[in-house]
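Note that subunit A is present in both complexes that follow, paired respectively with subunit B and with subunit C.
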Partner chain A sequence: MSSREGALGYAFVSPTVFLIVALILYSILRGIQLSFYDIHLLRGGEDIFVGFQNYIRMANDPVLPNVILNTFIWIAFGVSLTVLLGLATALFLDLKFRARTFLRVVILIPWVLPDVDVGAIWKWLLDTQVGILNQFLITIGIIKNPIEWLSSPDLALFSVTGVMIWRLFPFIGLLTLAAMQTIPTELYEAANVDGASRYGKFRHITLPHLAFTLILGSLILTIWFMNNFAIIWITTGGGPGHATDTLATYIYKVAFQFLRMSDAATISVVTFSIIGIFSLVYLFVLRKYWAGEI
Partner chain B sequence: MPEVKRVDRRKFIYAGLGAAIVVVGGVAAYLATRPPERVVETVVQTQVQTVRETQVQTVEKPIERVVTQTIERPVEKTIVTTVAGTPTTIVQTEVKRETVVQTQTVEKTVEVTAPTTPMAPVTLKLWEFGGIPAEHDHVRGLASDYKNFKPYVTVEWANQDWVTKREFLIAQFKAGTAADIVTQDTASIPDFVALGAFQPLEDVDAEAVAQEKKRYYPEVWDTVTYQGKSYGFPTYVDINTMYTWSVPMLEEAGIKPPFKNWDDMLEALLKLNKPPDRYAISIPMSQNTNDILIFEGIAYANGARWLSEDGKKVTVNTDAWSQALQFYVDLVNKYKVVPPGPTSADYFVSTQLFFTKRVALTVGMSWIPALVQLGAFALDWQYKLAPFPSSPYPPGPTIPFMMEPTTTFIMLSSSKNKKEALDFMRFAIRPESLRAWAGHKIRGRTPCTPEQWKENRNPEYKEMEQLAIEGKLFKNAIHVPSFPGIVEMEKLLGVAYQEAVLGKKTVKEALEGLQRDAQAVLDRIKK
Partner chain C sequence: MIKILKIFGKYLIVIILFLIIFFPYFWLFNTSLKEFAEVYVLPPTIPPKKPTLENYYNVLTGNTAFAAPWPTFFRNSIIVASITAVLTSILASFAGYALSRIRMPGRRTLLFAILLAWMFPGPSILIPVLDTMKKIGLYNSLIGLGILHTTFALPVATWLAFGTFRSIPKELEEAAMIEGASRMKVFLRIAIPLGRIGITSIALLAFLLSWTEFVFALVLMPDVPNKTLPLGLVSFTRDYTIYWMDTGSASILFSLPIVLILILAEKQFVKGMSAGALKA
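== the complex of A and B ==
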């Protein structure tokens, strides 16, 4: 390719690149800028530069530690269980049986539903008094009194995490299933000849080949869990108390209900930094894959 | 290898031509046989009069209604033009319109706004937040009817989500894309005035506002008044807090409401409580705004207030608040008369428990019949409502109830056609329009003008009717708390009462935490 052709190529892609970079960079820089000002929409007046005061106030916010802890629990349980369930689903759907194709389609249903619908459906299913789940468990005699899935502060976070897992496990399942189709069958044939057990084949052939996919999936899930707002908002609204408030719901409340824009920007900058750290770790772990060395 | 079947080129062309003929023939047949005329009916009311002396006049006389039918019919028209000296014939199809005018006479009372000199077209945007379908139909109908009243004004109606109304309206206002008029609650007036979003109506036409004000109960008008200015025209009020009871269940237990005080009520609740099949009362305790207002209503009826008289100090660590929260906690944890899981039961779930006979009473507002009209519940039994009582010895000034007009026509300060917007708002609250909210079209809305009460068709409110007509119903009733920062404070209250009910904090701890956090909110806004 001549240098002229190269320049022409850059000229063609540059508007798109410029637009994307400008939009993303503007949002990030504007967010960081707001975090150094005192902006309360109810107070009006000029925006006042306050340096790190918002960060100091955020550090003293009695609710925020609980919100951050919730966010980590939500991500840790959510991502790990989604990956495990997705992997199990992929292994199951890789078996040869009659209804396999049908099940591969059915399994997609939670994934294709919008977040708002999923939240609304599960809010009703898990309702203490009128929810179907409690009615079902009582009818078959497993429980005597209804379980407070969404109203108990000790249980609510795990309940909404379960909803999110139900929503996302098909994605990991299909991603993993696709990766499994690329594993050469000769490896399993050789293992059979060597008398390897099922577990041995899974441990030494399947899992190593899926490692990249699972790490990639975990990172995507981490970001999705971190940013998910709709499911928690619809099912619990962050309650009871602050039991299910994560950074996403808390930022929304601070910004759009309390109208404290600079405080919301400050928490957003911290959230952005956490996601950035995750992304860097991910890039570091997968650097050899990206370089094509593996 | 399978043999490739060859297609004869001639047959292929014939088949293509055949298909084209069929399509052309089909189109021609459709054009030839389609309905010959499309009738567009436009109803033009001829009630617009020019009144020079006063701006508003009520006319009570038969009105002629002109029904104009515009008939559209395709006709062929031949045009001969000359192109470069050669005559070329172009056949065009035009739509010919024929107009048929009929005149009907109808009896109607209307208000007339004048003068109406020929004006440039005006478009007003009207956003209705929340409401039930009957309400949407009525307000949308007002928007379309207005075209008959002022032909040069188009009112574009849209329904917006109730739950996110606050953030939605702020975002739209900041972006300069907000509607001219919204139907909103009045509790948020101070917040939106602080934002500069709501328009004081007196600044548009003080005389017109003064005339409308006379039609309302003074206490109701106070709900739209902030810092001496009026910000909207109410259509009804929600009364807060009320309890609703199943007449057959309470009759069976020999209980006769209304209750004098909490002790009286508790005695009845213990009698009615038969868990797990039937609990005595459902109380919504989620963080939904309605649920928080319901608790606030109980506390206020017991003498609680958010702020000191000078408005500088938050006062939620008082006995009045403490008693109200303790009553909630006791009903749930000590007496166990509330079904499990009240903190996730919002007002709708709570009402659902009542209408499915899982509880004998429920706590809510005066909108309970609206949920029935919504079609959510089919009833073959009677229920009644009454304002929630206070403790036997309330530590503060009691009130009969709080109220809020949650569908108030409010003008945005960003409106480019303020005068026209005000005219439409007045059109929307004419007596024949407000009648709809008195049970004629829309149920479960407490009338807010004497005219509405005289025509009340809500059987659930019959017991309030006489008091209202005598002007006593709203005496000492107050507006729901309304000052800058209240929305954030109410959210904090929602967390506080949940923490107390769930046993995470004692009542004292919960209210002390609320006092500290709410004071911080107030101080920051006043800084």
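== the complex of A and C ==
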């Protein structure tokens, strides 16, 4: 009986597992394999084994260090500010005020909008000449000359990071708010009896309870930032020059614009290795978080 | 006095937060109602001097300034997203049910391995996926893209289904099985109907994932008659002259189903979107 049940269980799971293995796991393995070949994906014909040549070429790619630095800045600034803003938003939405329920729904808008919409919205808003943001800042007298939000090599990366933060802080906000609401009120009441300050309560009750949520949230954000292509692609296309290229956009460019398929495959291996490390940390934390619940 | 200041401060934050969240979307909407002549007028006009729905009409009929077959894109997106929604909700229901109800060795490992697969879909597997899709004949195919999107949706969908079935009391199923009903019958006749709300949000989630997916569609759909909406939209913003009233109305139309679902089914939506992140 029970072994037949088990077999049925595997049968139920198998289509899902099959697709994941065939299209995701296999892609990772195939990606590693391709990085050792001269790939003829676009031209047709045979792939030629070239050993570590692709890796040697990658090490000498003059643009790549800059792209990696961009990716690091994009993730470091993006994730930390998204989490801080999300936490601040959650603390604020936990207060009592009119329109709170309304705001909790509206706040979801940036998060549910398609990436391509987010990109289009901000490309229009941040346009140097006719963008409303520059118009507004000039009108109220903060700046005299329009700021090149998306076309200045020094500023563009921070602007696109800002767009991504705008898109994701509501997600962290709501996740954190949900976690805050599971904190037993008795803890705060006891702290009140002891005469704890508002900061003391935040530091010693709220924050420890949110630790797991914030850590898991940061890890997911890291992976989302790592994988995001559309927002940078639409707002700046990775430019000016390579100023806003991250690993995600650079892989696409190398493969489909510069038509250096093998080089792109090699950079892909580096990229999904980084994603793999963060994913394993994520799973490790998640298992701890649930500690036997499943 | 201090109290009044505090209340004032609170509502000031409410207003600022609201503007930060809502204004960018609203601004594109505002532009989408303008005639071309008014789009680049400085200072910008709110509301438009001569508001018009013409841009929406042009997008829906495919007569935009930067020519693009919008009705075709729209149809393709509907097809791909529907395939994804149907396939994902069926496969995830089976998998999620088995993982929550049936004892089998390696169940926990399987559950976490499936979640791990959630992290990888992105540009870093673009090239091998393209290679595979070409080999199995699913390149440049709407069904192929639907199957790929299904695969990308399955990890989170399976976790959602797992959570859904786990939260249903199993007494009913156990009683039915004691009376001789098979596991399959119990699954189809009892568990599925009881889990229908969760399964609906899985379908919704999968639909949206596919509806908005960009980079794989970009690489796997080279022919215009097979392109989906995000590709059409982006081709607009990559041109030197951007007709923002067209881009605006196309973007608004594109996001409209999502915003409507958000307003109508906020709770389900939030649960679906944050699934896998923390709680199943």
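Assume the second predicted complex is superposed on the first by the 270 of 294 C-alpha atoms of A that agree within 3 Å, B and C clash if a C-alpha of one lies under 4 Å from a C-alpha of the other, contacts with A are read in each partner's own complex, and residues count from 1 in each chain.
Note that in this section a contact is a pair of C-beta atoms (placed from the backbone, for glycine too) under 8 Å apart; a residue touches a chain by one contact, two chains touch by 3 or more.
As the structure is a computational prediction, the values presented were derived from the model and not from experiment.
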**Request:** Mind working out whether A:Thr244 is in touch with subunit B, subunit C, both or neither, as first, second, both or neither?
**Result:** neither
**Request:** Determine, under the contact definition given at the top, whether A:Val130 touches first (subunit B), second (subunit C), both, or neither.
**Result:** both
**Asked** If you stack the two complexes on chain A, which partner ends up touching A:Leu175: first (subunit B), second (subunit C), both, or neither?
**Response** second
**Item:** Touching partner for A:Pro153 - first (subunit B), second (subunit C), both, neither
**Value:** first
**Request:** Applying the touch criterion given at the start, work out whether A:Phe256 contacts subunit B, subunit C, both or neither, answering first, second, both or neither.
**Result:** both
**Message:** Looking at A:Asn145, would you say it contacts subunit B, subunit C, both, or neither? Reply first, second, both or neither.
**Reply:** first
**Asked** Counting only touches as set out at the top, which of subunit B and subunit C does A:Arg287 meet: first, second, both, neither?
**Response** second
**Prompt:** Once the shared chain is lined up, is A:Leu41 touching subunit B (first), subunit C (second), both, or neither of them?
**Reply:** both
**Prompt:** On subunit A, which partner's contacts cover more residues, subunit B's or subunit C's?
**Reply:** C
**Request:** Could you tell me if A:Thr236 is touching subunit B, subunit C, both of them or neither one (first, second, both, neither)?
**Result:** first
**Prompt:** Following superposition on chain A, which residues of subunit A contact subunit B and also contact subunit C?
**Reply:** 41, 130, 237, 256
**Message:** Taking the touch rule as given, give the residues of subunit A at its contact with subunit B in the complex, in rising order.
**Reply:** 40-44, 127-130, 145-146, 148-153, 156, 236-242, 253, 256-260
**Prompt:** In the complex of these two chains, what residues of subunit C are touching subunit A?
**Reply:** 10-11, 13-14, 17-18, 20-22, 24-25, 27-28, 31, 40, 42-44, 91-92, 94-95, 97-99, 102-105, 107-108, 110-112, 114-117, 119-132, 134, 147-148, 150-152, 154-155, 158, 183-184, 187, 208, 211-212, 214-215, 219, 230, 233-234, 236-238, 242, 244, 247-248, 251, 254-255, 258-259, 262-263, 266, 269-270, 273-274, 277-278, 280
**Item:** For the subunit B and subunit A complex, residues of the former touching the latter
**Value:** 164, 166-167, 170-171, 191, 194-196, 276, 286-288, 339-345, 349, 352-353, 356, 358, 484-485, 487-488, 491, 494-495, 498-499, 502, 504, 521, 524-525, 527
**Prompt:** Given the complex with subunit C, which residues does subunit A contribute to the contact?
**Reply:** 2, 5-6, 8-13, 15-17, 19-20, 22-28, 30-31, 34, 39, 41, 89, 92, 95, 97, 99, 103, 105-117, 119-125, 130, 132, 135, 139, 166, 170-171, 174-175, 178-179, 213, 216-217, 220, 223, 226-230, 233-234, 237, 247-249, 251-252, 255-256, 261, 264-265, 268-269, 271-272, 275-276, 278-280, 282-283, 286-287, 289, 294
